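Take a look at these structures.
The following pair of complexes shares a single chain, subunit A, combined with subunit B in the former and subunit C in the latter.
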Partner chain A sequence: MTDLGNIALWIALLIGVYGSVVGFLAGRSGRAELALSAERSVYVVWGLLAIASAALMRALLAHDFTIEYVAAYTSRNLPVFYTWSAFYAGQKGSLLFWAIVLASFSAIAMLVNRGKNRELMPYVAVVLLVTITFFIAVMVFASNPFERLGFTPPDGRGLNPQLQNPGMVIHPPMLYLGYISIAVPFAFAIAALASGKLDTAWLAAIRRWTIMSWLFLSVGIVLGMWWAYVELGWGGYWAWDPVENASLMPWLAMTAFLHSVMIQEKRGMLKKWNIGLIIGAFLLSIFGTFLTRSGVISSVHSFAQSNVGWFFLIFLVLAGLSAFTLLSYRWPQLAAESTLESMVSREAAFLFNNLIFVVITFSVFWGTVFPVLSEWVRGTKVTVGPPFFNLVNIPLGLLLLLLTGIGPLVAWRKASTANLRRQFIWPVAGMVLTGAALALLRMSDAWAIVAYALAVFVTVTVAQEFVRGTAARHRQYHEAWPLAVVRLVGRNRRRYGGYVVHLGMVMLFVGFAGLAFKKEMEVTLKPGQTAEIRSPYGHVYRVTHQGVSQYEQLNRFVTAASLDVYRDGKYVGVMKSEKRQHMDSMGQPTFEPSTVVAIRSDVREDLYVVFAGSVQGTEEAVYRLTINPLVWWVWYGGLVLAIGGLISMWPTGRGPKIVARRRALEAGYVARVGA
Partner chain B sequence: MSRVSGRSALAALAAVLLAAPAAAQIRAPQAPSSRLPAAQTAVAPGPPQARAPGDTSRGRLLAPEMAGRSQAPVGSRVNDSLVKMIEGKIRCTCGCNLDVFTCRTTDFTCTTSPAMHRVVLARLDSGMTAPQVLAAFEKQYGEVVLMAPPRRGFNLAAYFMPFVGLLAGFVIVGLVIRGWFRVRPKAPLEGAAKAEPEAPAASDDDLKRLQQELEKFEA
Partner chain C sequence: MKAGTKFIIGGALVLATVGYLMATGIKETGVYYLTPSELATRVQNDRSFYNVGVKMGARVVKGSISRDVATQTITFRATDGQNSWPVTYRGLAPDTFTDEVDVVVEGRLQPDGVFHATTLLAKCGSRYEAAPART
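Let's turn to the complex of A and B:
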């Protein structure tokens, strides 16, 4: 089976090259049979990669330690549940995972468009096949997951304990799905440029793909934050690590695109910009892969250093050069169909929203690569950590939050004074009152005050939109209020799904701002001894150390320290934090002991307990106690964000609006206002 | 496990002695493991037994080597906010990418960050101010030891570039918009002509009404 997997990779490489060449020829010549052959190549490559993936999965489950990858990332006593994680836990497996997911997306894209977009599809197949073939080539020539050892070890090294967490079973695939699915919109954008078919067809084809990419990235990022919070034990969820930044940058670019594409759909503007954003998002996803695999920037998350980084760098440069060369070639054909009519319009608001997104993307990119730049220019290493990113990105993020509220309030084309007054009066009143109230309550952090005031501003804008829309339906159709809400959202999923996403963002910002009031302390407690920590809300948490117990569980030896917890004198329960020493199947310790934190969470704050260790092998324990305000809002904000994304991409059962607009234009009953 | 099995009889005795006073309150233990000596499984999983008020006796762990690095009792200045602030600005040199405070309080396995913590305390004790402590670390390890580049020389580019980018973005967007206002075509563009037919003539009243309708629609 292993040999079959290896052979499948080689054949997939050859078919990938064949399909890419044939697809290109089909695009140039317009010959249908060549186009069909290229599309079929995508299916064949998918089948071959599925065989290779099945072979690796079988080797992992069967503990075939003759394969270097299996020996490096699994052991006989690794729970089967986590064997799945081992598939993508290492460099080699993750390359195969990336390739099979991309091939699956490519096959779906071919299937969905089999009777449509005939001029685009040969080029779409080329771009997707070239990308898949690149990943296969990296595997075959530099990082083969089927590489054999010269001997058979009795057991494998096992999976890093920090990866043995349910969050890690879901989080990396989600991020991968997000990164990888960007390739499909990128392929359509390049196909539109290559074929010269620059109308709205390619936009219609990628609409759901873009929302899906964005959704996967969003869920992947939030799950990653959750994993870091519950597993790593440092008491936070975002450390501005280069690999975290690598996932944030394409998300920012995609979010910018999801806003600016509306202007292209409604007004025929920003065509160059939108193609540029899609290209940028794809390149950033490859850049993120380069960062994690090259070792050029040190990160706690990155794979071991290897030479595959150079492959990605070369691919990145070639893809960027080709894409931007094509864009410049088609530049004159991408002129706007209409112009901005007023600075006080939704188009203008979206322009500035896009500007802020791009500037934040740039600032994250700049901070991430600055250490390398500094070393090149001055020969001096520097560290660019959270103090830098917080300093630069907090004001930009708040500016973005402000625009999140402003955008939906301003009318398309041109907003009148009456429109502005009507739209802004309640949100602004809410914002000012909140800011004033928090200042009067002597909230100590100015940025937090601004964040909460803006959060109220955006929330009121969204609430206002829902209330007015629902009331209109209630009046017009005499629908009951709940039915009116459901139909309001159902009939305009993209718009109201977007508003739900805005609410999710507000919740995330509320959670982020809460970190300004974090409190932490370290204590040493003998059994029966007590410590107190006061939360920013004034609650007093009293913890009493019960003692330390040790026991064996699954593939680990656990040392658990327990605390009785009281809030304001009322008993709330026991919290147990652990040190886990993972063992191999022969009972020998593997890896460093890992920490399992204890978290008691509610809507206001988390009590976060870390058992640091015992004092000289006794039951006397060192704890770190942390009060993290408003973390709950981050996780549920992520959930709301995902729900909003799902609403937006849910099929309506009707043709896309672009089609409706085109038909309306063809029918000639669209008037130009103010032209 | 073989390391502790030789001491199993003694450990079993110790465990029984430790567990006996409150044996009645022990929670149901997990099924004993076949690989663990009896002494270790005698200690119940989950929260240990409740103690009598005021009982702060501390038992010995049965397998202390399995409980991570042995800790020293927390010093009186560990929770000092000035110390935390300084440590938050210094990078641990163990290679973890974290600041000293975060590193030494995360897995509590690093030996470098506690040593750097002691240096911070010693420097503060010697009368240094926070900036002087940071400067001393920078002198010792170079700029890389600071969690953010010091704001001088070439490093200023790190801080200014995002805002220069923002400013440049505003200028570019402004210029583009101005261009749109200036070059607003009198006739539709060639490409748009096919897609968007000439608008029907509309009177001022029609346009006003349409504006009102559009505003209503947007609302």
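Let's turn to the complex of A and C:
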């Protein structure tokens, strides 16, 4: 099986090269049989990578420790559930994971477009095949998951305990799916440039893909935050670590694109910008992969340092150069069809939205690579941390939140005073009232007051849209209210899905602003002793140390400390935090000990308990107690965001009747507008 | 004035503000990242470098860790192979903090020659990979 996997990789490499060349020739000559051959190459590469993946999966499950990768990341006593995540836990396996996922996306793209977009598809195949081939080349030449050890160890080293967490089983694949699926929109953008077919066909073809990558990235990022929060034990979920930033940057670029593309669809503006954003998002996703694998920038999340990073850097530079060269070549053909008419218009709001997204992306990029830049320029490494990112991004983020409320409501082209009054009187009233109320209640953090006032502003705009839309249906079609809501959303999925996403964003901001009120203390308690911590709402948590116990469990040795927790004098339960020492199958300790935190979460605040260790083996324990207000809003905000994204991309019915009706409607629209 | 021009002015304002924020952000929150030897050279050349906040990346000297539970203070020596500094840190050390791991400490070197750390990060050289088998 191992040899089969290896052979499959080599053949896939050859077919990948063949398909890229043939696809290019097909694009130049327009010969259909060549195009077909290139598309078939995509399917074949997918099949071969599937075989390789199956071979690796089998080796992992069968504990074939003759393979270096299997021995390095699994052990006999690793739960099967986590054996699957070992597939992408290490460098080599994750490369194969990238390749198979990209090949799957590519195959789907070919399948969906098999009768469509004939001028574009050969080039799409080329871009995707080149990218896949690059990953296969990195594997076979530098980092082969099927590499043999030359001897058979009795057991593997096992999987890092911090990765033995359910969040970790889904978070990396989600993030990878997000990163990887950007390649498809990128391929279409390049194909449009290469073929010169620069109308909106390529945009229509990737509309759902872009929402999908955005959705995967969003879910991946939020799950990553959740994992960091429950697993790493430092009491937060975002530390502006380079690897976190690496996932945020493509997300920011994609979010900017999802907005600016609407301007191109409606008004024929921003054509160069949109292509630039897609190229940027793709390059940033590769850059993120480079960051995590090269060790250029130190991060707590990186893979081992290896030369694989340099392959990515070279690929990044080549891809960037060719993409922007193509863009500059087509520059004159990408002129805008209309101009900005007024600063008080949806176009202007979206332009500012894009500007801010890009500026945030740049500031995150700058802060992330600053250590390297400063070492080049001045010879000394200077690092920037959370204070830098917060200083720059809190005001920018709040400005974005404001635009989240304005953008969807302000009229296209030029908003009239009547339009402004109709749309914004209630939201502004809500915002002002909230701000004033919080100031009167002496909320201590000015940014938080602004954040909550804006949160209300955006929420009211969204609620108003739903209420007005539903009321209109109720009036016009005499639909019952619930049916009217469902139909309203169902008939305008992108728009109302977008509103739901905005609501999710508001919830996330509510959670982020809560960080301003975090409280933390460390206590050392003997059994029976108590400590108190006061939450920002004035609740008092009283905890009583119950003692320390030790026992063996599955593949680990556990030292657990328990607290009885009372809130405002009322008993709420026991919270248990553990130190785990993982063992290999011979009973020898592996890895460093890891901490399992105890979290008691509700809508208002989390009590977050970390058992930091016992005092010289006695039952006296050191705890860190943290009150994290409003963290709940981050997780559920992420959920709402995901639901909104799903609504936006959910396919509308494609039955012949619906399509016919839509065609008729569109024909009527075109006739009316006279386009 | 045309809307396009207005937008460019508005955009330039945003960019200028952000540029200013980023510049001050780096100036005020940027922290030197030095090795123990670089830190030694710096303080030799410039006495005032004591008390400047820095980050120091180094390795924990084997057997140098001592913990005082009562005051929750950890002291150890951090080295880059040439120079080493005693480090004192008050608070909880991460799980990965043991002998011979790479650490990043942030804090100030005091004139008494002790590095007072306010944060202590332990880097497992390859965090998500098992430590190489020790022979």
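Quick notes on this structure:
Here, the second predicted complex is superposed on the first by the 653 of 675 C-alpha atoms of A that agree within 3 Å, B and C clash if a C-alpha of one lies under 4 Å from a C-alpha of the other, contacts with A are read in each partner's own complex, and residues count from 1 in each chain.
Keep this in mind: contacts are C-beta pairs under 8 Å (C-beta built on N, C-alpha and C of every residue); 3 or more make two chains touch, one makes a residue touch a chain.
Note that the coordinates shown come from a computational prediction; the quantities given were computed from them, not determined experimentally.
On the superposed subunit A, the two partners subunit B and subunit C do not both fit; they clash. In the superposed pair of complexes, A:R157 makes contact with subunit C only, with no contact to subunit B. In the superposition on chain A, A:V169 makes contact with neither subunit B nor subunit C. By the document's definition of touching, both partners, subunit B and subunit C, reach A:T524. Once the two complexes are overlaid on the shared chain, A:I11 sits clear of subunit B and of subunit C alike.
By the document's definition of touching, neither partner reaches A:I643: not subunit B, not subunit C.
Once the two complexes are laid over each other on the shared chain, residue contacts for A:F388 go to subunit B and to subunit C alike.
In the superposition on chain A, A:A50 makes contact with neither subunit B nor subunit C. After superposition on the shared chain, subunit A has more residues touched by B, the comparison being subunit B against subunit C. Shared-chain residue A:T339: touches subunit B and subunit C both.
Legend: residue contacts after superposition of the two complexes on their common chain; A:F370 is shown touching both subunit B and subunit C.
In the superposition on chain A, the residues of subunit A contacting both subunit B and subunit C are 233, 298, 300, 339-340, 343, 348, 351-352, 355-356, 359, 363, 366, 370, 374, 380-385, 387-388, 391-392, 396, 522, 524, 579, 592-595, 610, 612-613, 615-616, 622, 624. Put simply, subunit B touches subunit A in their complex at residues 1-2, 29-30, 33, 35-36, 40-41, 43-51, 53-64, 66-74, 78-79, 84, 88-89, 91, 95-99, 102, 105-109, 142-149, 153-155, 157-159, 161-163, 165-166, 169-170, 173, 177, 180-181, 183-185, 188-189, 191-192, 195-197, 199-200, 202, 206-207, 210-211, 214-215, 218-219. Chain contact summary for the complex, subunit A toward subunit C: residues 72-73, 89-90, 157-158, 160, 162-163, 233, 298, 300-305, 339-343, 345, 348, 351-352, 355-356, 359, 363, 366, 370-371, 374, 380-385, 387-388, 391-392, 395-396, 522, 524, 579, 590-595, 610, 612-613, 615-616, 622, 624.
Chain contact summary for the complex, subunit C toward subunit A: residues 2-4, 6-7, 10-11, 14-15, 18, 21-22, 24-26, 28-34, 38, 55, 57, 69, 72, 91-92, 95-96, 98, 104, 121, 123-131, 133. Of all residues in subunit A, those touching subunit B in their complex are 199, 232-236, 239, 241, 268, 298-300, 333, 335-340, 343, 348, 351-352, 355-356, 358-359, 362-363, 366-367, 370, 374, 377-378, 380-388, 391-392, 396, 411-416, 418-419, 422-423, 468, 520-524, 526-529, 546-553, 557-560, 562, 574, 576, 579, 581, 587, 589, 592-595, 610, 612-622, 624, 662, 665-666, 668-675.
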